[in-house]
Amino acid sequence: MYSTIGALGRRLRLGVIGGGAKSFIGPVHRAAARMDDNYEVVASVLSSDPERAKTEGVAIGIAPDRAYGSAEEMFATEKAREDGMDVVAIMSPNDSHYRYSVGAIEAGYDVICDKPLATSLDDGLDLVKRVKAAGIVFCQTFNYTGYPLVRQAMAMVRDGDIGAVRMVEAEYVQGYNYALRPDEKDGAGKNWHFVPEKTGQSLVLGDIGSHAHHLVRYVTGMNLARLVADVTTTVPGRVSPSHDHAGMLFRLDNDAPGVMWVTQAGAGAVHGLYIRVFGEKGGLEWVQETPNQLFHSRPESPALTYERGGPGLKPEARRAERIAIGHPEGYQEAFAVLYADAAEAIVARKLGKAPNRLALDFPGVVDGAHTLKFIASAVESAETGRWVDCRLGM
Amino acid sequence: MYSTIGALGRRLRLGVIGGGAKSFIGPVHRAAARMDDNYEVVASVLSSDPERAKTEGVAIGIAPDRAYGSAEEMFATEKAREDGMDVVAIMSPNDSHYRYSVGAIEAGYDVICDKPLATSLDDGLDLVKRVKAAGIVFCQTFNYTGYPLVRQAMAMVRDGDIGAVRMVEAEYVQGYNYALRPDEKDGAGKNWHFVPEKTGQSLVLGDIGSHAHHLVRYVTGMNLARLVADVTTTVPGRVSPSHDHAGMLFRLDNDAPGVMWVTQAGAGAVHGLYIRVFGEKGGLEWVQETPNQLFHSRPESPALTYERGGPGLKPEARRAERIAIGHPEGYQEAFAVLYADAAEAIVARKLGKAPNRLALDFPGVVDGAHTLKFIASAVESAETGRWVDCRLGM
Amino acid sequence: MYSTIGALGRRLRLGVIGGGAKSFIGPVHRAAARMDDNYEVVASVLSSDPERAKTEGVAIGIAPDRAYGSAEEMFATEKAREDGMDVVAIMSPNDSHYRYSVGAIEAGYDVICDKPLATSLDDGLDLVKRVKAAGIVFCQTFNYTGYPLVRQAMAMVRDGDIGAVRMVEAEYVQGYNYALRPDEKDGAGKNWHFVPEKTGQSLVLGDIGSHAHHLVRYVTGMNLARLVADVTTTVPGRVSPSHDHAGMLFRLDNDAPGVMWVTQAGAGAVHGLYIRVFGEKGGLEWVQETPNQLFHSRPESPALTYERGGPGLKPEARRAERIAIGHPEGYQEAFAVLYADAAEAIVARKLGKAPNRLALDFPGVVDGAHTLKFIASAVESAETGRWVDCRLGM
Amino acid sequence: MYSTIGALGRRLRLGVIGGGAKSFIGPVHRAAARMDDNYEVVASVLSSDPERAKTEGVAIGIAPDRAYGSAEEMFATEKAREDGMDVVAIMSPNDSHYRYSVGAIEAGYDVICDKPLATSLDDGLDLVKRVKAAGIVFCQTFNYTGYPLVRQAMAMVRDGDIGAVRMVEAEYVQGYNYALRPDEKDGAGKNWHFVPEKTGQSLVLGDIGSHAHHLVRYVTGMNLARLVADVTTTVPGRVSPSHDHAGMLFRLDNDAPGVMWVTQAGAGAVHGLYIRVFGEKGGLEWVQETPNQLFHSRPESPALTYERGGPGLKPEARRAERIAIGHPEGYQEAFAVLYADAAEAIVARKLGKAPNRLALDFPGVVDGAHTLKFIASAVESAETGRWVDCRLGM
């Protein structure tokens, strides 16, 4: 795995926005940053409430004077420090991603931002422009593409190992979060996922459909051209946009058909992120719940199982692994791969060097924009009952 | 398993139409008939060519005078024999199912017929009327519903073990038959599956989509109300109706959403018949390639795995199994369950008794008609790009 | 699959000894005989009680005059018939196998006999001599070697596909039969498996250890040279020889080490017959509960999964399969493979021809004798705590 | 997961011995220390060569003045610092564990030490005494017992969920390390695993048999009473003690029989640590390659699958997990659980408080001694061919 200590002589200094006491994703981001010893978390804004932000920052080991009460304060104060932060990681609720990203970009920071990019396509496209203009590194944490075997699948499709893509299917079938009740309380108020203005156009599509969509694009190397969708609620008492189920038919750029199924209301389902792609010469199958294997079907020969750390892997997969075959790597490790990739790109930018090609496999701002277009298109299709063009033109 | 020897004092006498030397399904039907010793195959029409029909009949052990050259000859001659046949099993190409069924019904025979019921919905509806009028037993061999664990799933949904159905997904993803070439030669001519007038409106939907569709209806206990479909060819050089891929979104009677994916062009895929259904209290998952297990997810408790022959099975599953737990039963055994069910219904009719309720779980003529409506609706949707009502009203 | 109708113009006529109303294995043998339409069951002795033997024979469809009261009566009467039986199949309790086999051989019949060959090694060795002297076909139903993928494994090892064998492990871990109670009642009396004089030297070794042992020999192509064993009872209240657990270390002919674990008291275990063998170039793994796959590990390349009906199979595997890939074959089909093999050997003998080499892969009388030596050696080792030589010299 | 920042107001300061540039386990230990933010690595001795030790220390981010050239230097210098280290972690070659542990204990440090405890039983017993006398925390990294589902299994057995233990089987079947060649070169010289004085009495038993043995003791809550073993080399050219295969039969304290199979020469095997234990009411099965599930067989009910993060888990399992169900945790996370446990015990000692009972589930010095006794006994049995008593009396 990449080491900034080797390249830069030190760890990158990270400031985090969001991810406080009750957050699921906050500890994941911070552990990902620590995993390969490329970052130290030096500054934080852990809540929109300034008082809580400071208390919670100290509670995770931030020095009291760098546990800030607002992003603006963090940007300004860190800018002035000799040992100020290098990178901003954003893991606050969905509706704040755009605002904090804009602030970080304006302050000149490289950005690691949780998905979605924004809650509207317009904001997303605006961010694309800003990132390009600023020339910063922007990593959007579609974290499942950090798994070594997903990278293997991507490289195999790209290299023609299964021939031209003929069809694809993706699923994300969960059942623990929000599976059974009409909504979820979070302390005094509603869980923000069920507050329309915070979650965006569609809960299930923003939360997990976004991952399935990105996985399809990442592995096939193609965009979706058009789709027809059934986006709905299945738990009685829920209303749009708190969707919990979406079915989708789509066509890729090359007209190959695809099917997608995502839900967070599959009672008792564990996780269920899954992709299967068939080409003219074979197929690939990957399941997030057993992420260390990739299954390769072949009409003329027995099927192959690629094993993380084992023989037959491409450099893209090798680069994303840390330990020996058979010692399972999981979700946290995959997440950390994006942090390591971003670190390499950031250090290259700092040193004015071209980054390693392989370090550029992480998802960025354009990927985030594609997902927003996808969500908007699916919702439109669900409302009209028609096929909808979902090309972004990027 | 049911025994006609116990109930009737003898085996049922079976005449078979189709299933000659090059047939895949012919030996399957005959072995299914022999499996539980409820039938002896006494008469045959194994080819539309009278000469070949006789030769091939003798080759499978039929007495020379009962290896007939045509169905008409078989019906007439057997009718006149003291020890004439009781039942007709039809396994000829798709476009002849209707014609032979009509002939058999008119001659008063009980019928076991391979799917599809017919190649047009009108013919199918006509058969429904004829079967009802004649009062005969008609078994349509949607054979996958003969698996004990499929019956377990059906009975669990019916009994409310997973609560009201909220969503369902079905797949049938194959890759060996017709996976890679534009068509398949069969000796001198084309494989009949690629001859439009023989295969019906859609190759992939008739061949395997029909099974996935029936499985959804059988397990959920509901019909499909409407659907939108993408039915297409993915192998270059193929044209409609030699479809090899279909994606589908649908709604069940209770408005629960569903997703379906069927293909015969998934390079290297093995078989891939699969169903997953979620209700308000849990989910069920069954894979035809490991048919002796049924997986039951539960949000509040660890998941259960039901094992054929093991504890916790309903009478519907128990009835459909022959040997002890852990001794795998397969495709041939499931097929034979339908023959055993039909035998019990036929004997009950002969004896003027009400059949065992559990013996009526086999698919019949109305199920065949539903499938024809489904195929017609899917093809219409694929052409118009719209959602289509697919209710049969039965 | 082999057809006697093609080769001989008719089915072989089979007489069965044992397998009456309460038998597990009786219906399995008869369905195996019917599976490929190579046999018709024409005569029976279904019980040691002559009255019951007749009643139960008629109940399974045997003509009343051929439902015999004793084996002696069957041998004598059938001998005198023009259409008398060709083959005897023995599936009575263990302690009668030797006696009935001797009778059948003396009467000149080919024999299909359930395992074990006998309850003492001396009797077994005597049978080896008698079979060789008589020149008859003797098939011992170690039925698991009828699975196509087991034959694939055997052929791969023999052909050097994994290099010289370096180690092997086998398991048979069951938990439903006799798992929890000290013994099992069977109607009025004890289940015969718990009656020492009927079951032989060791219940668990005779019942299932025998299968594991044969599987090791069949797949590796080698005999066991020496072993140390721990053969014991784990359910309180049981006493020797009603053993329910055996652990074993052994060396093959080439000094490669092996490990074996067999039990019928693994609470809740399903079936658990399993073999894993490693050679210098790779390994093979097969599990009876998913018998249609064979896993092939390779240090330098991704692992392969062979699929019944799929690419890469040897003629030995191809010969033992009936239907297309992905349509699971199970226990009953594997059992029937031995019947088909035996049929081919028997017909060849009747016609005075050399049988197809591939038809000789079924286990015979010498295999039965090896197993008896194995059981005797294991029991001796368990009593002495020492390594014991277990070579038979055949 | 436990946080020292919350309890102590700061991270523990860790000094590491061993784990330099070519080490597999060094990065694993350090990442485990960072995972939950309970430790900062402040000091190091990364090589027995002082020059390399300093260079390599700086290369992993240690301050130049704390990248020591020897353990003695580290102990002495750190002792004198205000902000000196709290804990020593030892991950150097096997033959140095004893020496460094003694040094650290004498200097008053808590110790986290890789297995084995020592290369002789005498040294191991001496360490037991020293640890007890010093009252320090000593964590032996039998890291597989950090997996949440292993802790679930341990707690279930202890709570009687499967009833009294009746039998157990354990495997560790690897094939990548040292699978095929007689030995392994490591740069200029031999890989230290193949140098007898460094590896101890038996390569395969020390390297991986130790883990299998500890897993059996941890899950069953019992010690091994006696055993018979076949410990050998299977790769031509290897000699004792470079064993690569061991089979074992044993009895637990309660006389329940066990079987063990460990090898590093299973060509192409992936990892293969596995345990299966049966009690009077059910069985448990766990496979390290899919560590997030635990399978629970039950004779009277369908089997259960426990899922990390899912319903039905005991506090011992809950305590050892970090993220939501379905997001796989792996080897690195399990390793880090021991570090978190040790941190909690160390902080409790520093604060003079009783530690949380659940924090004491990590393996300690006595566990290390049991393993040394086990290895010595197995080697003795292999040499004599006899059963050997292997009780330690602790």
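So that you can tell them apart, the chains are marked A, B, C and D in the order they are listed, and the count of residues begins at 1 in each.
Going forward, contacts are C-beta pairs under 8 Å (C-beta built on N, C-alpha and C of every residue); 3 or more make two chains touch, one makes a residue touch a chain.
If you're wondering where the values come from, they're calculated on a predicted model, not measured in any experiment.
By residue number, more than half of the contact pairs of A-D reappear in one of the listed pairs A-B, B-C or C-D, namely B-C.
Looking at B-D and B-C, the interface holding more C-beta pairs in contact is that of B-C. Centroid to centroid, with C-alpha atoms defining each point, subunit A and subunit B lie 43 Å apart. Mean C-alpha position of subunit B lies 55 Å from that of subunit D.
The centroid of the Cα atoms in subunit B and the matching centroid in subunit C are 34 Å apart. Counting partner chains per residue, subunit A shows two or more touched chains at residues 176, 270, 296, 298-299, 303, 307, 310. Those residues of subunit A that touch subunit D in the shared complex are 5-6, 10-11, 24, 27-28, 30-31, 34-37, 59-61, 174, 176-177, 270-272, 288-292, 307, 309-310, 322-333. By the touch rule above, subunit A contacts subunit B in their complex via residues 162-163, 166-167, 169, 171, 173, 175-176, 179-180, 228-230, 232, 234-235, 245, 247-249, 251, 256-259, 261, 263, 265-270, 276, 278-283, 296-299, 303, 385-387.
Residues 296, 298-307, 310-312 of subunit D touch subunit B in their complex.
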